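Same chain, two partners: subunit A is paired with subunit B first, then with subunit C.
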Partner chain A sequence: MSTAVAIHEEAHVPQPKQVGRPGGFLRRTNFLTALISGVVTAGVFWVVTDKITTAVAGAGATNSMALPSGLNINITMMYIGWVIGFMAGIGAFAGPIRWFLGHDLTHADAEYMAGKDMGREKFWKFTTDHKVVGIQYLVVTLILFGFGGLLAMLIRTELGATWTEVFNPNFYNSIIGTHGIVMVIAMIIVISGPIGNFIVPIMCGARDMAFPRLNALSIWLLVAAVPPLVSNLLMGGIRDGWTVYQPLADQAPIGMIGYQICIITFAFSTGIASVNLITTIVRMRAAGMTWSRTPILVYGILGSSIMGLVWFPMYQYSQILALSDRTLLTSFFVPASGGSVWLYENLFWLLGHPEVYVIVIPATAGMLEYLPVFVRKPLFSYRLAVAGIFGVVGLSAVVWVHHMYMTGWAPQSNYPFMLSTEMISIPFSFLVLVVLGTMWRGKPWKRLPMMAVYAVVWNKVIGGITGVFLSDTPVDQYMHGSMFVVAHFHYMLMGAGLFGAMGVTAYFFPKMIGRYLDEFWGSVGFWTAFAGFQVTFMSMFVAGLQGMPRRVLQFDSLFNISNWISTIGAYIIGIGMLIFLYAIIESWRNGIPAPDNPWGGKTLENFTTTPVPHENFPVLPVVTSGPYDFGTPDPYELADDAIMQQTEGAEKVSAQS
Partner chain B sequence: MSDTTTNSSVESALSPTTGEPVEVTGARDKLGVWMIIVSCTTGTIALLVSYAYLWSLNVNGAWAPTPGHANWAPVWPFWVIFTAMFIATLIMWNGYRGLSKGNVGGMKSAALLSSLLLLAAFIGQVVQIATFPFGPADGGYASAVLWLAIANAIWLFVAIFLATAIFNRTRAGRVAQENPNHARLVAMFMTYLCVASFLGCVFTTVMQESPNTNSPPFGTFSQ
Partner chain C sequence: MHLVKEWLQRPYVRRILWITVAITAVIIALSFVMVAFMNQSGGPASSIMDEIEKTMFVLTIACAPLMAATLAVLTYSWWGGWGSVAATDAPTEDGPGIKTNGVAVVTWITICSLLAGFLVVWGLVELATITSSSYGSVPANQQPNSVKPVDVNVTAQQWLWSFEYPDSGKITSSVLVLPVNVPAYFNVTSLDVVHSFWVVEEGVKIDANPGAITNTGFTPTKLGTFNVRCAELCGLHHAYMETQVKVVTQEQFNSWIREQGGNKTS
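Coming up: the complex of A and B.
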């Protein structure tokens, strides 16, 4: 890699007139003002809506749960008020208003907004620097995992205590649904949020994301989306699983509105983040970083962002229309008045299944990114890895119906979708093959990130093979709705996604935080969680094969032993995760300081200082070689090159003659 | 890398925040807007699929508005609103082309006129929603049409914001011959809105009576 001079200097750039101090209104806004503004606006929206709904004729109408539409509207507007108020209070609207009025930011404004020379305060503000946003995502992700994990412990406690009923059945169902959606949200952002925002722009050789203000908008929209979801537990809960199938959702208590507002808001956040990541990757890669020199993690984030961008609106609209059914009494999904539950299921699964790949692809690509670093070998078949990623992205569009085999919807489509679902295992296998090929005859450097590779390959193979079974229509008729399905998707989402994310986080932790993740406690936590994971979900496979249905509080004593074992395993996971969390916190505070190139990697983030400076690079880099040029070239490739040169030489000679 | 040249050129406008030529930031913005359009298109498809789905299934025979209580919506207002959007978009594109040749006044007029037309379309859309011959609870057709109209109203609101901003920014000299990108981006987005609105018009015009006149009962799933 070499570098070239290419840096902007504000002195030569004509600046708009600076009005007031740099940053303007944003100097007065932070998380606290956002909270106050959100709560106040929510209250105002409630009061105003209540006045209107009680004044307007028809407010006495009820939905299918016999809940007055007025109450539903009030709560919906309260949540909308919360989101609007929170975003106003953090300063998100200052930019659009300024733009609308014809004012542009000055360089000084932009630097203030990026948190330059600001202390820790910048983490509590509408800060545009991608590194700050990455850290914000990391913290939010950890909080979500903590909350979702706590709910998981409650679930397993209930299922393990076979001799008694710990929770009220409705509350149990609510924690099931809330655990599911909280974990899905956390898993969607676990790589794309922290790593995508912090590392990818640096890895591409850019100074920031393409749209820094949209970047800040995406994280704060996510923060605004969470409280409505959590509050559902206080308002009757979401008792219908994370899929909130219709018409159960329409008949559910008012806590469902929190779920719907959360998803609608989160979809905006995800869409904005996807636009930003795609544009950054496509338009802002360093000079010389051709597509064949682009790091594989960047491809993974690109693929994940494309899927999120294209499919998330389907999920978002499914919730908008469901909310409309509840509040305006429309009938998209209410069969009694012309709606269709199949319509809901189609809209939901159009995102619901690609979302698995949104989660797993970045984690896998992250592992492929650091694998060559730890075996000091080039990535085996880089192009196969890219083909695998985009094969999954392409096929993700045509697999959703395998979630609907048993619904009775278009049975004639079952077999084509069975085929497409089984086909998607082929590009996935490419990725596993690239992992194995890269490790082949290598001498891995046995550090925590490398350990995660072994764990994920194991989990992904089990999750993948059981997935092939479930994609098979005849097998699915038997296994559908059983604990076997629960174990399968946990092997994919947690086994491949979360354990992969732990490895990726361990790898990039030194660059992001400036200190190494504690190897000892990190490994202890990781392997403890891994062992607990196997105990929990292997046992759950057994329960599923025995015929235990999912989402039940009480079950036959036949399933007692497997549930006891699963619960013990879950507690072991909890202990492991707590140890891993301790490693993160302790390393963040007192870890070993990391050098500029913590692992001896060849991608661009290793060619800037640690901690990463404000604009990432003193001069923008120029890429002159591939990201995985470790060791000696592959002898087979050398032979190929020799043959190619001979062929080209022969062609030239024949052309001249 | 092309977007990292030094700022010695005085011909090309530079972004005040990053110091890059506006062509570079403009190309970035353009891709970003395309991505937003892709995302919005999926949302539009979700609405149109919902419309077509309920229309074709006619669940429990409840697609059509309740006879004697509600009726089909007249079609012409959809087309009038679409026509206003279409003309506003043409005007915005025309203003942008003029701006590229140095006609700043033309851009200002175009943005203003476009904003006014969009405002008229928005008012028309709100009036149409308020005067639909059905309520939200009057079956699948009522639900689907209502949400097509609501979505159009929301997008019109956004378009008014954008077009008025272009007027303000042209007046302030931020949108100029050497930096016309934002006008082009707004025109692009308005074009997408026209396509979405047009599809909505086609659906509401062509797909009224459900072809499924003998739909089986699906059950009500009521508690």
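Coming up: the complex of A and C.
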């Protein structure tokens, strides 16, 4: 009774006064106003900057070195204006401004912002509900994959047409760079965005993320970050690959500024999302959900968020410094003025390598999450899986130099970094054992998510052995910068990451959308893409072994056959992915409605209704058992016991006689 | 021992072991195919490339059993060796409740750690070997070799290579010419952006950085014409930034130097 009294008394605490209707300014903002505001602000920033730079030039800046290139500054300010204007237009600054004016957000305001009782328009607004953010992330991810995939088709078309240059070198180099960075961004968010935002808080038994408004901020920062990147193709391109090594990037046209602004903005988005996920996972798990009862996906997202939070700033700094070299004529990375190209390479790969695990760990953890459900067995050696995840997270900090074996930066460092790189295979092997042990003697339920596990482990084995080659400095001396590397990281990022994400999405689709993913078309798309994938990248391994460098558009005729095969495979991937996309769209609209517990799982998201109600649970759950308590007593163990008893009995008998 | 014997008598364990053996054989066969592809353009043309190919073999063969075991369990589960539930049905009964197995975990971690340890040790020794074959960062005139090496200054720029022979006067060539069985030592730099000096069949690669000199070297052991390619994206015509290395006899090399107007032969 005393608790109820306490709650009752709390109701008398004076609430902030409601100013205007609930939601206030946010009632008028949506994606359209954001677009308009973004474009207008960008224009204003352009005009004002242009006036200032012209005025400074006119005022007789005698030293031409003191006056940075006007166009670079104008473009930079225009993109910054776009990001600020877009975020203002979506209403991201409404909360702080209202606080500044003394109008605290009331409960009604918060409910409006969470999209309570709102129709589909909430998906176009600055909505704080984690379920809405999850769906927004899903759609953005699909768009990014579509765009990146289209560029991949163009790349393979160029490489397949060995007899001619289909595209001019500038455009070709720009699409390989844009394909790379778009796909990396999409892969970083593909699990942590949709699944991490939608499912993880429910899996933890929370009503929302720890910081709902930061959650909305992270998705809309992502949306603001992408157009500058894509616009590079219209502004001379980024002809430098996704790594944009300096000082080559300094030579690039103004499109490079779009890339840099995109990365700087996206790093904020990732950092904010990571803080939010970490806080939610550490602080907001349900009563009784100890660290031994926390689902493995939650651990995976936690590990991935930690890596993103710690390492993404390195990449962000590298781009801030590069942008400063371009606009303010500093020389961090300009060797002619005392800068260092190796500084750039180090900063870049300090994120560049952990980012691989940011991608692979959530996909792997997602599969470990549902594997027990499909074989109806406990997750084999749960603690080993957690140890594996955090082993990878820890070691990921000390392996980046293996991307720089051949730079000549520090040849002696190749020894310790070869050691650390080979060592990271040990925690990874833990995860392999967990998969195999869970499959062991289980009857697999042959639905798409389960079949995806087989596909992904196959890809991981191939990506793993080729990774062993590449981590070995002598072999890397031949392989570095060749197509072999391209094939290897596609096996890890696409083979393990993307196919894993397809499986994970298929598994959580019924809970998120309320309908099952179409089994037939989903499987057809998945396996078509998988078959095409093997063809494409197996023959790309061959091209690499033959000695074909990467990022070329014309090459020795020795490589013709492997490139033709690769291109055919790539088109098959394209067809498969389109079928999978059709399956998603069709199931989203007309799929079979899902029950509350779509697959018979034991994690918390299965104990609320489908579709998930506002604030997730009518009553917050209490956890009393582990998430993978499947299984009957082991018949072999019973048999073992029987044998032991017999033996003991026999011994007793013999002792007696 | 009793447990292992009992375990090995289980029919599915035996089948998985047989699949493992079969897949191991396939992987070992594939390692020959891989090296055959690497040799397609005429390699190996130096002791470094020999070492690289040997390392490929050893790494593949060392990893093969573990890869094969992984794929074997995968295959067995996939083919329904333990039974399966069709996609149209729903599972009605739970599988065996194996939460963990201490023996399996300890064995697996031990095997993986030993394997990783072996790979590391092999890699470190090989790295030391090829570093000494490419003379590491020891300047050419301090090399312990009995034969005086050929010094070459390699300069990369968008999008061509030039090779200067400082020992032979100011000879500059766009094609790398080297005498066979004589160590060659390279000082590599770039005039503009980062390039990477890759002598494909010799198994040598080092970045050409603006504002810095990097070093590498090798001893060509095979007469013939091989490829030099740029292995770091360096701008628009990166794809066309390639040239040849001609490995010739010492006499041919000397006469080539004279033809170029060199004042001295090495």
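As a working rule, the second predicted complex is superposed on the first by the 603 of 657 C-alpha atoms of A that agree within 3 Å, B and C clash if a C-alpha of one lies under 4 Å from a C-alpha of the other, contacts with A are read in each partner's own complex, and residues count from 1 in each chain.
By our rule, a residue touches a chain if its C-beta (ideal position, glycine included) is under 8 Å from a C-beta of that chain, and two chains touch if they have at least 3 such contacts.
In this text, all values refer to a predicted model and were calculated from it rather than measured experimentally.
> Let me test your reading of the model: by the given contact rule, A:446 touches which partner, first (subunit B), second (subunit C), both or neither?
In the superposition, A:446 contacts subunit C only.
> Would you check which partner chain A:119 touches, where first means subunit B only, second means subunit C only, and both and neither mean what they say?
After superposition on chain A, A:119 lies in contact with neither partner.
> Given the touch rule stated above, what does A:20 touch, subunit B (first), subunit C (second), both, or neither?
neither
> Looking at the overlay, does A:547 come into contact with subunit B only (first), subunit C only (second), both, or neither?
After superposing on A, A:547 lies in contact with subunit C but is clear of subunit B.
> Counting only touches as set out at the top, which of subunit B and subunit C does A:335 meet: first, second, both, neither?
It touches subunit B and subunit C both.
> On subunit A, which partner touches more residues: subunit B or subunit C?
If we count touched residues of subunit A for both partners, the winner is C.
> If we overlay the two complexes on their shared chain A, which of subunit B and subunit C does A:251 touch? Say first, second, both or neither.
Both: A:251 reaches subunit B and subunit C.
> List the residues of subunit A that touch subunit B in one complex and subunit C in the other.
Common to the two interfaces on subunit A: residues 247, 251, 335-336, 340-342.
> Mind listing the subunit C positions that touch subunit A in their complex?
My answer: residues 3, 6, 10, 12, 34, 37-38, 40-41, 48-49, 51-52, 55-56, 59-60, 63, 67, 70-71, 73-74, 77-78, 80, 82-87, 89-91, 93-101, 104-105, 108-109, 112-113, 116, 119-120, 122-124, 126-127, 129-131, 136-137, 188, 192-194, 196, 198, 200-201, 203-207, 209-212, 214-215, 227, 229-240.
> Could you pull out which subunit A residues touch subunit B in their complex?
It comes out as residues 4-10, 12-16, 58, 61, 64-65, 99-107, 109-110, 205, 207, 210-211, 214, 247, 251, 271, 274-276, 278-279, 282-288, 309-314, 316-318, 321, 324-325, 328-332, 335-343, 346-347, 620, 622.
> Which residues of subunit A touch subunit C in their complex?
169-170, 173, 239-241, 243, 245, 247-248, 251, 335-336, 340-342, 374-378, 380-384, 406-408, 411, 414-415, 418-419, 422-423, 425-426, 429-430, 432-433, 436-437, 439-448, 454, 457-458, 461, 464-465, 468-469, 471-475, 477-478, 480-482, 519, 542, 545-547, 549-556, 558, 600, 630-637, 640, 643
> Could you list, by residue number, the parts of subunit B that touch subunit A in their complex?
1-8, 14-20, 27-28, 31-32, 35-36, 38-40, 42-43, 46-47, 49-50, 53-54, 57-60, 62-63, 135-137, 139-144, 146-147, 161, 164-165, 168-169, 171-172, 174, 218-223
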